[in-house]
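Each structure below is given as structure tokens.
Each of the next two complexes has chain A plus one more chain, namely chain B in the first and chain C in the second.
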Partner chain A sequence: MIKDVQFGEETKVEKGTLYVNKEKIKEMVLEDKRLIKADVELARPGESVRIAPVKDVIEPRVKVEGNGQVFPGIINKVKTVGEGRTHALVGSNVVTCGKIVGFQEGLIDMSGPTAKYTPFSKTNNVCVVIEGREDLETHEYEEAGRLAGLKVAAYIGEAGKKVEPNEIVTYETKPLLEQVAEYPDLPKVGYVHMLQSQGLLHDTYYYGVDAKVMVPTFMYPTEMMDGAIVSGNCVAPCDKVTTFHHFNNPVIEDLYERHGKDINFIGVVLTNENVWLMDKERSSDMTAKLCRHLGLDGVIITEEGYGNPDTDLMMNCQKVAQEDIDVVLITDEFPGRDGKSQSVADTVPEADALVSCGNGNVIEYFPPMDKVIGTLDYIETMIGGYEGSLKEDGSIEAEIQIIIASTIANGYNTLAAKGY
Partner chain B sequence: MAGDIILITNNENFIGKDYKVYSVEFRKCRYIEILTKVRDKVHENYRILTHPMAGSLKPNQTPYKSVLLIKEETLDYNSLNLIENAIDSAKKFLGIRKLPQWNEKCLKDFRTLDQSFIEGALLNKSKNSYYIK
Partner chain C sequence: MSKIKVVHYINNFFANIGGEEKADVPPEIREGKIGPGLALESSLGEEYEIVATAICGDSYFGENIEEAKETLMGMIEKYDPDLFVAGPAFNAGRYGTACGTMAKEVEEKLNIPVITGMYSENPGVDLFKQDIHIIETSISAAGMRKAMKKIADLGDKMVKEEEILSPQEEGYFERGIRVNYFNDVRGSKRAVDMLIKKMKKEEYNTEYPMPVFDRVDPMPAIKDLSKIKVALVTSGGVVPQGNPDKIESSSATKYGIYDISNLESMKKDDFMTIHGGYDRAFVTENPNLVVPLDVMREYEEEGVIGELADYFVTTTGTGTSVGNAKGFGEEFSKKLVEDGVGAVLLTST
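Up next is the complex of A and B:
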């Protein structure tokens, strides 16, 4: 457990403090010639610091036993991961930020009234501030930024290799027939995990494969804990599933918590979110087929994004339910500031059990902070911001959808919208 | 003619290119007007191929919208349902807040994104499959 972060000559962990070598990180980032500037700043819980615009958040991890390395197919060789032992520097994160596209990225406040909306106000953050070449295409810049964050996180993760962990947690999913036989009397539960995959800046990678060109597949939940899934998107700050969230998926965490007690957690059906209607049909058909094939009794489905993905969510819900499998959906809502409009863009009669992750349209006041890591130049053009959002004193009035992961649709937050 | 594929768009990135698979019907208009144009086409027996809300960008965030449709013999009620829902949703968002005055840099990015939603989706399938109902 990391309790503090400091700069040091050597990147290492000592008595709960993470020391990072600033120059080494800058050098590593600038190896990519698409990036012309790199800086490293630290942000700790409770400090008067605002980080913006945030691209990705990544927990430093390293594999110490078992096959492969973290982020297989992206920055390390393709190899099936998810077995053995992985060390995570829990309590610290790499946050990539700085100049970018202008609208899909959000902010993190380390203190003040809006800090509570994001889990990253509670972690010791190594912020990598980047700037790309002026002539760089948007998607090239996104890729350079994404790889920089992953490389830095893997580098810092190495510092955890020899550290004696404060806590060791064992997660185990067996091959299907053995898993079913282990708890024959418990209901078999699966997780349908929908990856954002609609196109440029809306992509997610599974072992390096762009999720929009894959068909639904089965995966062991532990594969995610080694970085088999990497975020390559900036949908909207509030519902962005960062790479941190893929590592620490709360649905998987909670299903394991109940595994062997009142449910038998069989595994993850991985699927995508598509633009073409025929792709939606194919993916949702295959998702339902896989759920049936696995003999599931119940399924939890999560999505990433709003609008078009709601259609995939509902198609998955309907088709899985038609296989006589109980379905629970988890999503956030956009019902307007008064909460009176329809919350999701699509619905089906089978969607009768849904867990809400909050209303992204709620407006909040963000007091000025002593320090800004990155820039506030884009606040008014970010999703959740608007003309007049940024005040002269550096304070902001904006919808909470501007905050990274505030209403994240997998439940890694504390918000919920309730009916009265 | 049945089988004809058209792209209804207000994104100038699609102008002047020969896409072979589909023809481009560009109009200089607002997002919501593209949706109503798509609805008109559905009433002329066109079936929607790409989701009218593709991209997760909310209707009061991006000014651009492109939708692919294919000509059929009869009215496709699924398409009608889809486009009516999209129009309802767009009106809701535009009622909450109108579209910001984006600078050219942002507009360019929105155009690039919108283009990628259509072109990206063309990558992963056999071309004859568009014609299958």
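Up next is the complex of A and C:
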């Protein structure tokens, strides 16, 4: 458990404090010739600090036992992960930020009234501020930023290799037939995990494969804990499933919690959210087919993003329910600033059990902070911002969808909405 | 200290003017409280005073809504109230509609708290529950005292700007307004609990009952496009460089109308897209991908269409509420019709 972060000559963990070597990190980031400037700044819980525009948040982790390394197929050789032992520097994160790629990046306040909306106000953050070459094309810039964050997180993660953990948690899913046989009397439950794949700048990677060119597949939940899935940058900030959230998927954790007691958690069906109708039809057909094939009695479905992916969410819900499987959906809501419009863009009658992660259109006041890591130059054009959002004193008035993972639709937070 | 001023609205029956035979009495206003106003004032307590009671016959109101509304507003306004209470109407349909209409009007015009009460099957509930607070009452006036107590309690909170609790706690009909709160339990755990209950066939409560959308029927096909003026409308966020009207990249609150009368195509030096929901790289290079002016000019030249309107209408679709989108459409479609536009090419992203 990391309680503090400091700069130091050596990157290491000592008595709950994470020390990071600033120069080493800068050097590592600048190995990528697409990036011309890099800086490292620290942000701790309770400080008067605002970080923007945030691209991704990544928990430092390292494989201690078992096959492969973190982020297989991306920065390490491709190899099936999810077995053995992994150390996580819980309480610390790498945050990538810097000049905006495309409206979708968000902000993190480390203190003040809006800090409560994001889990990253409670962690000790190593912020990597990057600047790309002037002539760099957006997709290249996005990739350079993404890889920089993953590299730095893996590097810091190494420091956790020899640390004696405060807590060891064991998660186990057996091969299908064994898993079914282990708890024959408990209902078989699966998790349909929809990955954002609407296109360039709205992507997710599974063992290095772009989710929009894959077909739905089945995976062990533990693979995610080793970084089999990483976030591409740029999704509406409030909805962003950061790489941290892929490591720490709350649905997986909470299903394991009841595993062997009330349910038999069988595994994860991974699917995508493509923009073409043919892809939506194919992926939702295959998702329902896999759920049936696995003999599931119930599933939880989560989405990433809002609007267009609501269609995928509803198609998955309907088709899985038609296989006689009980379905619960998790989503966030966008009913407008007055809360009076419809919260989702699509509906099906089968969507009769839904958990809300809050209304992202609500306007909040963000008081000025002593320090800004990154820049506030883009606030008014970022998602959730608008003309006049940024005040002269550095305070901001914006919809809470501008905050990273504030209404994340996988149920990580306690924020919810109800009808008044 | 002067008291908090209340104006109360009731119908012919509760004003003791008479029943159905007197339902045609026109609007009037009397100083002080009448009939149910007694129960209202005693429930509100000493701080409050009913300064006037507005009265109208139910059928008169129903048959002359606009005129009755205006006349009553003029009468109510003069008393400069701090709170407006209508009814309660119980299960009386026409009375419920009158109470809802007046409460909504007073809130809009005077910007003061308004409240009414109705039985769940009163048609006024569905008509007005989204606009105003309607306390759920019993079916008949036998429940007057109970209803007035709830009306007074909620009205008092509204006047004092105290936090209004959920519909269940305060006793009003759910207005369909989504409000944030922090639950004690995180969403994923609530989902697992809900799924276990659902699989056991136990009762569970969805946190968001599915909304209803009003579907728009397509117009009949155009017979001869060559005589029609066509306009380009988009939710793809294409705007002149610099985004002069500062349309939002998400959750748009406005739209723009921009001149294209002298243009043959959308040049990337003149136009950009501010839409926050898709990869803009390709449209930044070629805005015609979203606003196909180049192709439309060819069609115009070839006579496939009669002519192209001098402007295009644009906003951002991503995250924009249905309420806002509907408002934009209602507004600019009037201009389109006025300008003789017969068809619209609507592009999304």
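Assorted remarks:
FYI, the second predicted complex is superposed on the first by the 417 of 420 C-alpha atoms of A that agree within 3 Å, B and C clash if a C-alpha of one lies under 4 Å from a C-alpha of the other, contacts with A are read in each partner's own complex, and residues count from 1 in each chain.
Criterion: contacts are C-beta pairs under 8 Å (C-beta built on N, C-alpha and C of every residue); 3 or more make two chains touch, one makes a residue touch a chain.
All values reported here derive from a predicted model rather than from experimental measurement.
Once the two complexes are overlaid through chain A, chain B and chain C clash, as defined at the top of the document. Applying the stated contact rule after C-alpha superposition, one finds that A:G419 touches chain C and leaves chain B untouched. Looking at the shared chain after the overlay, A:F71 reaches neither chain B nor chain C.
More residues of chain A are in touch with C than with the other of chain B and chain C. Touch criterion met: A:K280 reaches chain B, while chain C stays clear of it. In the superposition on chain A, A:R337 makes contact with both chain B and chain C. By the touch criterion stated above, A:Y155 is placed in contact with neither chain B nor chain C. In the overlay built on the shared chain, the residue A:Y206 is in contact with neither chain B nor chain C. Of the two partner chains, neither chain B nor chain C is touched by A:Y220. In the superposed model, A:P309 makes contact with chain B only, not with chain C. Look at A:N359: by the touch rule set out above, it reaches chain C but stays clear of chain B.
Within the three-chain overlay, chain C meets chain B in a clash at only one of the listed stretches 74-82, 146-154, 164-172 or 290-298, and that stretch is 290-298.
Chain A uses residues 102-103, 137-139, 198-202, 236, 306-308, 334, 336-337, 341-342, 361, 380-381, 383, 386-387 to touch chain B in one structure and chain C in the other. Within the complex, the chain A residues that touch chain C are 102-104, 116, 137-139, 187, 189, 198-202, 236, 250-251, 253-255, 257-258, 262-263, 297-300, 306-308, 326, 328-331, 333-344, 347-349, 351-362, 380-387, 399-401, 410-420. On chain B, the positions that touch chain A within their shared complex are 48-51, 53-58, 61, 82, 85-86, 88-89, 92-93, 95-97, 100-103, 105-106, 109-110, 112-113, 116-121, 123-125, 129-130, 132. Contact residues on chain C toward chain A in their complex (touch as defined above): 130, 164, 166-167, 174-192, 194-196, 198-199, 204, 206-211, 213, 246, 248-251, 253, 274, 276-281, 317-319, 321-324.
Touching chain B in their complex are the following residues of chain A: 101-103, 137-139, 196, 198-202, 212-213, 235-236, 274-280, 305-309, 311, 334, 336-337, 341-342, 345-346, 361, 380-381, 383, 386-387.
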